[in-house]
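You will see chain A twice below: alongside chain B first, and alongside chain C after that.
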Partner chain A sequence: MAERVDSRGLSCPQPVINAHKKMKQMGSGAIEVIVDTTTSRDNVTRMATKEGWGVETREEGEDILLVLTK
Partner chain B sequence: MESIVRFFGSKKGIFAVGIFIGVFAALLQKWGNPVNMGICVACFERDIAGALGLHRAGVVQYIRPEIIGFVLGSLISALIFKEFKSRVGSAPIVRFMLGFFAMVGALVFLGCPWRALLRLCGGDGNAILGLAGMIGGVAIGVYFLKSGYSLGRNRKTYQFVGWIMPLIMIGFLILLVAAPKLPSGALFFSEKGPGAMHAPIIVSLIIGLAIGILAQRSRFCTMGAVRDVVLIRDLHLITGILGLLIGAFVANVVFGQFHPGFVGQPVAHNNHVWNFGGMVLAGLAFALAGGCPGRQLFLSGEGDGDSAVFVIGMIAGAGFAHNFAMASSPKGVGLWGPGAVIAGIIFCIVIGFSMREKI
Partner chain C sequence: MRGLPLIDDPNLIVGMESADDAGVYKLSDDLAIIQTVDFFTPIVDDPYVFGQIAAANALSDVYAMGGIPLTAMNIVCFPIQTMDISILREILKGGLDKMREAGVTLVGGHSVEDPELKYGLSVTGRIHPSVVLTNVGAKAGDRLILTKPLGTGIINTAIKGGLATDESVESVTECMVRLNREASEVMQKIGANACTDITGFGLIGHALEMIQDTGKGMIIDASSVPLLPGAVDFSEMGLVPGGTYRNREFTISRTDIDPKLSPYVTDILFDPQTSGGLLIAVAEDRAEEMVEELKKAGIDEATIIGKIVDEPGERIVVTE
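Now for the complex of A and B:
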């Protein structure tokens, strides 16, 4: 079961900080990050990729779900 | 469409945007804008405040089309790329005050981060103190961010709400072109000084629109550039700053606009302590609000009502800064400038400590 980080409505750079913190906590596994702007999507994707995590993006209604795996 | 999105999301894309901004800032100076002030978001909002009569500093009053272009360009880009989204509700009064104090800090230094970079590219050594102050302020902001600082979530709202800021800008444009003279004396347009120096309206507007579109796509942000390096060692945004520095420096040299030195620099003073201190305040306020003054304009153009409140806070701050002797001038720091910077830093620190989510 993937851990979920809800960063909807948070402004830059909090979605990145929240995702990064969860990644550090878990070390590996699957994290679902839910965001509501393309800027947050791009920022979290860039950071996660740099940290060596895979990123899969899905639209969930008006929100964006990022599944981070390592 | 997809390839455009990919390009502007890349380092090459934001670098190109930085070059564009740097070169056209130098050109705007050549075409009439004040020296080392081809673009200055804080100064230009201050000029707008003056034109509306919110302050009576006669040398800095003009409705700057660049600011209008930034918001409307961002709006156009957000609509084309389906990123326009009306949202509000994340600590508006705090954002207003952060905008207020960001403007006070910027006017003690005499420029926002954009102008600090442009001043450096024009040879003004005092900009080094300002930029160092801004980096220090952003670093303090990063400390708060790491400690769980948050202004809270915004929420989606009615579509029209996101249009309010673009409509205000259209109102400014109508005022600029119609230039009515009311019994109160407004609108005010400077007859001498920096406020009287401007490129033709249409030129400023088109360049503003172009920068608004490009910056909305690339997420160009001068504060975010420093923050991301300090916070997560990410060099993406700072690549845009590098582009701006290279573009503006080369263009200034080519146009004979590079004059190195500390003394007698245009629209600048050389009080090192308060050049540094003013930008500590501005950098900290921008970091706590999540974006530099340019980025706040671009966000307000894509429907972010909280960024719009920050912008209004900056315009109000400009009015107060000039009416209450907080703003500097080429003669030096204003009587209440240092006190206002200290008060602003205390305010930001209280906000940073008190608005924390438990992490």
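Now for the complex of A and C:
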């Protein structure tokens, strides 16, 4: 079961900080990050890619789900 | 204002129809006034520094036109019910200190109660009507000089996230509080063909205003663009403000970026700047001299970052 980080309603850079914290905590595995702006999507994708995590993006209605794996 | 009937006046030298930084109105054959207004929400936590930045940013529009600022009025929106008045005092002190440095007299102001704090200035300056420098007028072959490094939007985002280094905080603060006065004085002394200051639309957005409807194009050499320390790292870490992505989206159809360039670097060219530097178009044979004079005036980052070209028209080519 993937851990979930809900960063909807938060403005940048908070979604990046939240996802980064969870990644550091887990070290590896799967994290579902849910955001509601394209800025958050792009920024979380950047950060996760830089940290060596894989990123898959899915739209879920108004929200965007990012599945980070390592 | 698009679509609204504007007011014609033969003495209006620079008005709403252009994308210029300030309005210019002729009073007599040898005197025109420059007027501009700018205010915004805090971008730093320190109220004194915020006051300095807001004032430097508002004054910059006069400097970008080659004018001399004379007087200013404070614009204040303040949540008096929830915020200590000493914060406002610090903001106003910061603004006043910048005005003093600029040789500008504060003549008044206006404040309203607002749940969101905002501060800025309305500035009036003077200029000879024949030497008004607008953002159009650049000629093919002109070199483009940028007088401050880029990346204030990204670094301020990193600061908000608590991730900025002391070096980044120091350099971005120094950059934002610095007046464009010396840069403007050198520009007027050497002579320029066009100038704008780099603010919310980022380097590319403001550079496009310089070539819009002129038929001319522009080449920017990405590797020569001065960047604030930490800007590339923070861009890579996803500490990028929404404005950077929006600026990119808005201007990318008129921009050709060498695919070999890292997006982490090129995105900084779209980053919205607070109290950014001047972008000056100067004749090729005076460009080196202008850079030297700017450096002598203490503007160490002043660099030639590109040139104006005939082809491709009204596009910006970003090279490696």
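Quick notes
Assume the second predicted complex is superposed on the first by the 70 of 70 C-alpha atoms of A that agree within 3 Å, B and C clash if a C-alpha of one lies under 4 Å from a C-alpha of the other, contacts with A are read in each partner's own complex, and residues count from 1 in each chain.
What we mean here is this: a contact is a pair of C-beta atoms (placed from the backbone, for glycine too) under 8 Å apart; a residue touches a chain by one contact, two chains touch by 3 or more.
Please read these numbers as outputs of a predicted model, since none were measured by experiment.
Once chain A of one complex is fitted onto chain A of the other, the partner contacts of A:Gly9 are limited to chain B, with no touch recorded for chain C. Touched residues of chain A, counted separately for chain B and chain C, are more numerous for B. Once the two complexes are overlaid on the shared chain, A:Val44 sits against chain C while remaining clear of chain B. Judged by the touch definition given at the top, the superposed model places A:Lys21 against chain B, while chain C stays out of reach. Comparing which residues of chain A touch chain B with which touch chain C, the overlap comprises 11-14, 16-17, 37-39, 42, 46-47, 50. Within the complex formed with chain C, the chain A residues making contact are 11-14, 16-17, 37-39, 42-47, 50.
Here chain B touches chain A in the complex through residues 9, 83, 85, 87, 90, 145-146, 150-151, 153-156, 219, 224, 227-228, 231-232, 234, 236, 290-291, 306, 359, going by the rule given at the top. Residue ranges on chain C touching chain A, taken from their complex, read 157-158, 160-163, 235-242, 245, 264.
Considering their complex, residues 8-14, 16-17, 20-21, 36-39, 42, 46-47, 50, 62 of chain A touch chain B.
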